[in-house]
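Just below sit the structures, each encoded as structure tokens.
Across the two complexes that follow, subunit A remains constant while its partner is subunit B and subsequently subunit C.
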Partner chain A sequence: MSDSTIQHHEESRDVTFRVHRFNPQVDSKPYFDDYTIKLEKGITVLRALNYIKEHVDSTLTFRAFCQAGICGSCAMRINNMSKLACTTQVWDELDKAREPGVIKIEPLRNLPHIKDLVVEMDPVVGKMKKYSNWVDSRMPEEQWGKKEFLVSEEEFQIYDKATDCILCASCVSECTILRAHKEYVSPVVLLRSYRMNADSRDGIHDQRLAGLVQDHGVWDCTHCYRCQETCVKNIPIMDAIHGIREDAIERRGTKDTSGARHAEAFMDDIEKKGRLVEATLPIRTNGLAWTLKNLLPMAVKMIIKRRTPPPPPLVKASKGIQSLRKEMKEMASHVTKDHEKKSGE
Partner chain B sequence: MKARASRSRRPALFPTSTSATRQLRKDFRLFMKPFDIVIVGGGGAGLYAAMEAMKTNPGLNIAVLSKIYPNRSHTSAAQGGANAALANKAKDDTVEMHIFDTIKGSDYLADQDAVEVLCSEAPKIIRELDNMGTPWSRMDDKTIAQRPFGGAGRPRCCYCADKTGHTILQTLYEQCLRKGVFFFNEYFALELSVDGSRSRGLIAMNIKTGKVEAFPAKTVIFATGGYAKMYWNRSSNAAGNTGDGQAIAYRAGIPLKDMEFVQFHPTGLRKSGLLVTEGARGEGGYLVNAEGERFMKRYAPEKMELGPRDLVSRSLETEILEGRGFDSPAGKYLHLDLRHLGADIIKSRLPQIREMCMYFEGVDPIDEPVPVRPTAHYSMGGIDTDNFGRTIIEGVYAAGECGCVSVHGANRLGGNSLLDILVFGRITGRAAAEEASQFNPSAIPASEVDEKEHELRSFMQPRGHYERYGTLREDLGHTLGANVGIFREASKIKQGIADVESLRERFGHVRVFDTGDVYNTNLLQVLELKNMLDLAETVAEGALVREESRGSHTRTDFPTRDDEKWHKHTIYTYDGGRPKLTYKPVTMGRYELQERTY
Partner chain C sequence: MKRYAYYQSCINEAMTKEVDRSIDLWQHDLGIELVKLHESVCCGGSNLDYVSPKQFALVNARNIALAEKQGLDLIVSCNTCLMTIRTAKKKLDESPALRAEVNEILREEGLEYRGTSEVRHLLWVLIDDVGLDVIRKKVKNPLSKLRIAPFYGCHILRPSTVLGKDNPLEPTSLDMLLDALGARSIPYEHKNRCCGFHTLLVAEEESLNVAAEALKEAMDEKADFIVTPCPLCHTVLDGYQAKALKHNGIKGSIPVYHLSEVVGLALGYSERQLGIKRHIVTV
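Showing the complex of A and B:
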């Protein structure tokens, strides 16, 4: 980045904002409008958009409220990345622009589009409700206000970062699974579920977890890390997702979904052979009946094309598998020790 | 995406209020019974009111209207914390001390019975929030942590790092979702429909469709937050804190109270006016002038940086006026120095502040002092209410910053605003729930809705000479900041009043360029500007009339407090487009008037 900052060291310059426009009452399809304005260094994208709205084109529509990075209203895609307009410096974006001097601004993805840069947020709220993203207190409501719960600083630390979430939906916008399945639970809801599950004051841990391991739940995530990368509050969302998975296996075993069984089959193979036994992987993940029904035609095609994986007995254990096993054992013992330490505290 | 029917512990005694029937009611509400409670505003006060009303009577039909998604509300920006005499940190802290600090802080303009309610409810409300899942920061003994705050005799400010308001708002929103409160998100309130001395309900615009809709309601609670955004660029507030509730109530004939009292926060960031929490000073930050001096020792030798806000703001402004500030193109400023706290404390206790300084000023407080100057922050005034949030119009309530009970008097103490919205949000919610079962309002006449729709359309008419709302808005902030800011005097305020008057005239020429119905933010911002202009007049008039200095209101031509003439609330009634001023005595109690020194 240092090279390009030298490139844009000037104090003021013309900047073009290429903004996604769409008014459902007039336009049949979206288009881009270019606004070129002279800006000074140190200005944020939101302030530039405000300037355009106030002085150039008042029909430009976007959400903005606190302008201080805490309300989450102004999330939009700036140069192909979802972020808050109010905390994004124009000069930083100039460095990332594909076309020199042009900053591209689009609405968030994966949410229904309303107008220009405004998208519908109701689906996110709906999912928060579906997955009970609230603390359902262990204390009956009638007793509220009389006594505080005792919570250790260590417990607070576990969900401290997760409570930074401002529901800006940047992670929703960048999520690759949501692109394919609108019903997918979505990263933000997983993060919040994790936070609720980690809270000792909450009384519906198991129930919430049972919802999360269903179809379109926590096992659908493909670990692409886009959510974590885009999070405007730098929350380690993937840690939360892994946390839920570990918790799910610990409390519910691998019976729930193919995702969990798939993970377990991988683990088995690596331990035994150091490589995958692909031929039996579908059977172990989804069962024999499912495999015969869904994969047999493909298997036949693969055989014809001579693309079949080697039969299981021929998959030989990798060289050095002994030391790998040893290492895995060591790792496992570390993890158990950590767990013991944690619960001991 | 269809939300699954929300689970609730509501008894099945009230079949009229299942999720499905409520959905129906939402869709066809014009043809059905009025709402029991319509809450305008989805911040801390509104959500607490909704939750408490739901708890009081689970069968009620409650609608929360908000011009934004409730989780975006400005409550989220409150960083510091909420005061409560839990005595977790200082074992000798008592509710009485909290009461005294608040009354003294208010410069004795607060009603003492109201303050007593506020402070004695405080520990309960903090524990209640804990019980429903607010992640408070903790002490070593696992109880809720507390820290010192300006104007408080003991460390009693409960906090969650520097995101206290944010976490409280999230918790309340989550609990409202759990309880199945009905949200009408992105609805902009336009008008209160009044039938004699009783309200019929509310007229609001659906922002997503542009349709003007009637919300017949037995009771209406205004919880729309403050009006300090009228100072525009010299305000720490969100763009939407335009006093919509106050303006609607005012125009409907409900009196406003103590509008001249606007609190300036000592430490706003130089460029944007955004806030650096008082917690930064609570943790031990220094205020330093260009001569490298910790100048607070000359103004509040005992409390130093932790004096009450009005005093610290005046001190900063004086330093700047007397030429001991730093100079920059964005204006003069002073330094808030946190460097001696060390990286660890800054990172763990003030992470948001650090982020903000880096985003908006390009300064990392670990390495450099933060450039600050006073910024308009909080409106002590608001809709005149009694201790239950009731106004003079039956069925209309107000709570939080939008209302004025008054607990903050002439100056609010840090950490008391979150407390105010929580305590009075709850009290108001309960009061409205109890009243709602007793009344049946008359229907809102269709003509009123049509009239409103027509009025909105008229802004879009092309006109020969037109004004842009953006310019007007900036001018308003500029004139208020210069003439009705921290230091006020008759000649300046008169200039301010004249400016507001001419701005109101220019507003007649404002044109809305976006003529569409869907999500017309152009129209919205014009409507918000109208609300600000109406309220700005009351602020300036009140400042001119009150010939004394009390709390946040400092007249250089009347530098002392005048209890004989001015120990009373100012009341503003809408009278043919202009405010008519009357007065109301302050409720006294245990504490006699004293000089206020720190």
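Showing the complex of A and C:
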């Protein structure tokens, strides 16, 4: 990026916006329109789109409201990345353009398309409802309005960053698993679920967590970090996802879901051998029947190519495993003490 | 000969043995020596960090401390091991309390995490330490007739706060290396996307869909093969290829090579020597 920043030092220039167009009432398929306008340095993508709508093509449709990065309405894909049009500088995007002077504008992905740059947000709202993305007060109703609910500074720190979310759905648009399966909970709903579950005023933690560990829930995240990388508020979304997993293991154990069993296998192997015992990982995660049904044909191919992982007795423990085991045990006792301290507070 | 500590990734010990085998063939040709860390242990594979954050910090502090004891940087050839160990390093470097707690335990083994060794991917060593000009001069078999689809994989790019070598939106390091080896890397959207590995056993259908989309784009772009710096990506894109394509009704196949094998081919080693015949999808 740095070498090309020198290229666009002009104070004003012609810029082409290559905009995704689609009106389902008249168009059989989407297409791109090029709008070339002369712009001054310092202008945002949203202002440029507003200019096009006012002076060039009034049929161009997009959502926008606050123009200050607060409402989250104007999220769209700009040069192949989901972000807010109102906080994105045209000159910064010129540096990233694949075709010189051309900025590509598309609607968010992974959501139903309505028209031009507008997508349907109902699936996100529906999932927020499904996973109870609000604080369900544990205070008895008769006390409402009469008693204060205090939140400590320390507690607020846990979900401070998560409260920055403006529901722009950029993370939804870039999510790998949502692209592969539309039922997936989605990053934004995981973030908000984490935030609600960490709130001491909430009374449905266990119920929400029970929903999150079901199919298409927290264990289906593939750790690609695209959500975190795209977040317009720089929220560490993966920390929230890992936070839910940590909570699930702590409160529900490691036996109830394939995700938790899979994670536990890593811990077990490190403690026993210092190495992963890959041969039995599918069985420990999903059981023997699943493994035979799903992996047997592939196992045959792998045996022919001598690619099968060695059976457990042949996995040699790491050198110095005795020391490691002792150290792991000692750290486990620290963790137990931490938990005792936490529950005593 | 510049020396490095080499982290032994579980998958390269068990399933993708051709990675270490090919690196062993050419490391001295490029003036580097990778000293295998036999005491290193599984990094937790992007799982241990939420099962037990403190034990996660401990095992990876120990992995890095083993390299520090020899005064060497720790070199990794699996993306997820790279991201995982670097994540632990970041946590340790940012928290004196965690460092002290971990070091108190490691002291019994004569180890101490000090934060003096860098944790780097082999690809970065080739570019930053060996240098593209040197590599270009060592090429005996330029891969000039080949159109290669570079597949970076997630954990060499994201999170950028932990990795930071490439721009995750427009990564260039692997493309630059392929260029030095004489090959043409094709531009395609999936080069910085995900392979689906980490959900293979938990949400298999989703993983197969993710992999199939990447494979299809490389095939549509008429690439001769895909190359990846990550043995986990390789396992999905090669090992699960037939299943992923069948599940998505896509015909065809495409070979997938490891970074270490492509370097080996350009330096004049044969497919047999490099272990390419061990792949599930062969030409």
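For the reader, a short list of remarks on this structure follows.
What we mean here is this: the second predicted complex is superposed on the first by the 313 of 345 C-alpha atoms of A that agree within 3 Å, B and C clash if a C-alpha of one lies under 4 Å from a C-alpha of the other, contacts with A are read in each partner's own complex, and residues count from 1 in each chain.
Everything below uses one rule, namely that a residue touches a chain if its C-beta (ideal position, glycine included) is under 8 Å from a C-beta of that chain, and two chains touch if they have at least 3 such contacts.
Bear in mind that the values here come from a model prediction, so they are computed numbers and not experimental data.
Once the two complexes are overlaid on the shared chain, A:Lys53 sits against subunit B while remaining clear of subunit C. In the superposed model, A:Ala263 lies in contact with subunit C only, and not with subunit B.
In the superposition on chain A, contact of A:Tyr31 is made with neither subunit B nor subunit C.
By the touch criterion stated above, subunit A contacts subunit C in their complex at residues 1, 80-81, 96, 176-177, 179-181, 184, 215-216, 219-226, 228-229, 236, 238, 242-243, 245-246, 249, 254, 258-259, 262-264, 266-267, 269-270, 274-276, 278-279, 281-282, 285-286, 294, 297-298, 301-302, 305-310, 315, 318-321, 323-324, 326-328, 330-332, 334-335, 338.
By the touch criterion given at the top, residues 10-11, 13-16, 38-42, 44-55, 58-59, 62, 101-102, 105-106, 108-109, 154-155, 158-160, 167-170, 189, 193-194, 196-199, 201-207, 209-210, 213, 239-240, 242-243, 277-280 of subunit C touch subunit A in their complex.
Those residues of subunit A lying in contact with subunit B across their complex are 23-26, 42, 44, 50, 53-55, 57-59, 61-73, 87, 89, 114-116, 118, 121-123, 125-130, 132-137, 139, 141, 143-153, 156, 159-160, 163-167, 182-183, 196, 199, 201-202. Residues 1-4, 6-7, 9, 55, 68-69, 71-74, 76-77, 86, 124-128, 130-133, 135-144, 160-161, 163, 166-167, 170-171, 174-175, 177-178, 183, 185, 208, 238-240, 271-272, 274-275, 352, 355-356, 359-360, 362, 468-471, 512-514, 516-522 of subunit B are the ones that touch subunit A when the two sit in their complex.
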